[in-house]
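One structure is given below, encoded as structure tokens.
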Amino acid sequence: MKRPLLEVKNLKLHYPIDKGFLEKEQNYVKAIDGVNFSLYENETFGLVGESGCGKSTTGKAIMKLIEPTDGEVIFQDRDISKFSRSEMRSVYKNIQLIFQDPFASLNPRKAVGKIIEEPLIVNSNLDSKARQERVNELLETVGLHAYHASRYPHEFSGGQRQRIGIARALALNPKIIIADEAVSALDVSIQSQVLNLLRKLQRELGLTYLFISHDLSVVKHISDKIGVMYLGKIIEQGTKDGVYTKPLHPYTKALLSASPAIKSENRKERIVLKGDMPSPMNPPTGCAFHPRCFAAKPECNKILPELRDVGDGHFVACHLYNE
Amino acid sequence: MESTSEVIKPVEIKAAKKPLWLEGWKRIKRQRSAMFGLSIVLFFILIGILAPVLTSYPYDGFYPDRTLIPPGEEHWFGTDDQGRDIFSRIVFGARISLWIGFFSVIGSIIVGCLLGLIAGFYGKWADSIISRFFDIMLAFPSILLAIAIVAILGPSLFNALIAIAIINIPTYGRLIRSRVLSVKEEEYIMSARSIGMSDIRILFQHILPNSITPIIVQGTLGIATAILEAAALGFLGLGAQPGEPEWGKMLADSRQFLTVAPWTLLFPGFAIMLTVVGFNMFGDGLRDALDPKMK
Amino acid sequence: MKSYIARRLLQLIPVLLGMSIVVFAIIHAIPGDPATVILGDQATPETVADLKAEMGLDQPITTQYASYVKDIVTGDLGTSLKTKKPIKEEIIPYLMATVELMIISMVIAIIIGVNAGILAAWRRASWFDYSAMLIALIGVSIPVFWLGLMEQWIFAEKFGWLPSTGRMNAREPIEAITGLLLLDTTIQGNWTGFVDAFKHLILPGIALGTIPMAIIARITRSSMLEVLNADYVRTARAKGLSELKILYKHSLKNAFAPVLTIIGMLVGLLLGGAVLTETIFGWPGIGRYIYDAIGSRDYPVIQSGILLVSTIFVFVNLFVDLLYARLDPRIKYR
């Protein structure tokens, strides 16, 4: 078996909740609560889940943009989760992030060329001329033109801005790109353009993606492996085919049945989930999904199911598959 | 979507290239009151620059043969008890007021921005200390604080400028701090961190440029306040010294001639008011044009 | 609410402590020293040193600060070097004179400012609106001391309608009880005294009240404009309520909230403006008292005066915040 390029081990991020004046006990929001997965070279790992499940936080915690509380992130045999800000600089040459909102993630006061050049200024030895050439090259790579460099973000459409974000992420020639809801803010027609660009780049540059999205159909198109997150935990994980054709966890089944663009083989009728995702401030006991689960058993609200191997690289955390 | 063929088309750009400040200027130009305020300000700046050309009498000295002459053809604004031409003194006084207003605000902005940036960006104890410091400064009525500072430094125009700069630091500090707190949450700041940018660089490359508009607006209004404060200190004898044609000081010197020679008081006060009106109108207009949320 | 008040009071402690440090630092930074002021220029270095030792001025700075804080906490504001009287007693009449002036200014500012703001918003873009806002612009731009001088020139010197300086007619002095002369004369039933005191208040009151008036007018106008577009005002109109009733009953309450939030700031402006106004109008108030003390290097008076004024200011701000929290149910006591 290949060695993973990046390994996330038992990653946790617990925010302390503001204590009241007289409350003694410190409570935590468990935004990420023990997440494990691996990225393999030139593959795409899709991380899906409803908003608020912790998937975006996971992406940012890997890059230490938000400080993780516990766990390891192994990259090139080293645990980067313990790195200092200055040590992280070399990591940022290899791991880059594409942000969700192409309107908010580009500084409105900087010209596009400057935005793309910035990583090169702070994190490379290129001189000004070489940087300009690189910026032009990057603009062409993502389907824009060199003359766009002098324009400002507000002069571009959402899809174009996301291309700028991609160019910026590519600037340092990273190995891994974390795409955090990279196409969610775009129209469907633009989504497919950007997705195709990402696939093309992966082919040509040998990139590895962590693709984070709430949209199962988008994830399906680009991913090799899938992890489904619920309330800070991965509850099902497997190959794309495994998860999409043979979903095991009731939550995954419900998600797939609710996604109109996906023809699941065992899709009989739409499963409607009751209620909303519970607050991570006050998670349910046992399996966090049990209050909304259509197949809940008596033990579900008592015992927390572990993520277990069910064969073919497929993992699920559910008491239904205990046998 | 399944096809892997190239679907990326060159995309058309809607707007033509325009620097950001030009768009701001276009919006300001539409504000009639702002332009009116700006013309008053420019008028006084021009007067200050051209002062030696505009005046035919020296602004200082003692001329016993022409004291307290009412306004007329020879002396447009009359003369004071020393026989000095009031028009000359007001024209030269424009230099002093604009100079104090402008540079004291620059001083307040530099120090205030530095403290506000640190407080907003680093938070925690740095924020607590700096914010408490601002609270304490603001707890004193500002003119009283200015008087006390001048009492320490000794009365002079320059020390009045320093005092005015100091008392206005919290205004800009708080403004920048709140600005930093909101800009800090913007995604492009996290995006800057994700490429390994240092805090200092983020502060000066991203946060400060995005906070500059409210500072310009507040600074313009601040010049108005500073001119008033300088005149007040001059009036109390704590700013300009005898001989210097500072408008506030002129009022103090001529107070006793209120009944016999009201023109000695009318024109300097009017000059202060008009300058301040100009900066206030321009500042209000700037705010409406550039930063409608602020108020 | 109670715990909110407690918390706010607790937060005041570092601010008050910081203020005492600043004032202490100012006093020590002002050139010269009390011993020299008391003994005058002719004193020999030896006698100055002796007096310094006696006053504790040769102690380390921290010791001096500690004893200063102890004095304040026990209510000892020190003794004036000039009059040799305890400041605690001396300062009260000055303080009351300023308080009376400030109250009158505030009343003038609120009555005229709020009404002008309402009417300007009601008749938006009319000649009244434009002239009211022009006057407000001039109001925030006019130097207080010049306005005072012009008032004296026109109303006192030219027409002789109103007295230009002082608090009362020197030939018919008013006996002070509270120090607020309008109140005192009312208590005494001294009608001529009341009119006299009132006349003396008008010019300085207007001079001091102009800036707050202009600010209040602007804020009332802009918040009224918002309120007048609100649904409940439209409903009131649809119900056929008279315009004036809508203006003053339905809208005013909501429009007044923003005014309330800045009253604290306005009090600060008034305290600062008081120094200038009192100088112009010979008003025996606290601003003038402190200013004179700085001139004559009366250190204990400067120290206690500034601290007292600032403490009052801080507590006024606290009071306004609490009042606001009480009136606006949207504010959480956290």
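Per-chain residue numbering starts at 1, and chain names A, B and C are given in the order in which the chains are listed.
The rule is simple: a residue touches a chain if its C-beta (ideal position, glycine included) is under 8 Å from a C-beta of that chain, and two chains touch if they have at least 3 such contacts.
All of these numbers come straight from a predicted model, not from anything done at the bench.
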### Query
Most central chain by CA mean?
B
### Query
With chain centres set to the mean of the C-alpha atoms, which chain is at the far end from chain A?
C
### Query
Measuring from the mean C-alpha position of chain B to the mean C-alpha position of chain C, what distance in angstrom results?
25
### Message
I'd like the Å distance between the centres of chain A and chain C, where a centre is the mean of that chain's Cα atoms.
### Response
58
## Note on the structure
dist(centroid_CA(chain A), centroid_CA(chain B)) in Å evaluates to 48
### Query
In their complex, what parts of chain C are in touch with chain B?
14-15, 18-19, 22, 26, 29-31, 137-138, 140-146, 149-150, 152-153, 157, 222, 268-269, 271-273, 275-276, 279, 287, 290-291, 294, 302, 306, 309-310, 313-314
### Task
Using the touch rule from the top, collect the residues of chain B that touch chain A in their complex.
1-2, 4, 6-11, 13-15, 17, 20, 186-188, 190-198, 201, 205-206, 209-210
#### Entry: chain C partner contacts - residues on chain B that touch it in the complex
132-133, 135-144, 147-149, 151-152, 154, 224, 228, 231-232, 235-236, 248, 251, 255, 258-259, 262, 265-266, 268-269, 272-273, 276-277, 280-281, 284, 295
### Task
Please name which positions on chain A make contact with chain B in the complex.
60, 63, 65, 85, 88-89, 92-93, 96-97, 99-101, 104-109, 118-119, 122-123, 143-145, 148, 150-152, 155-157, 159-160, 165, 168, 171-172, 192-193, 195-197, 199-200, 221
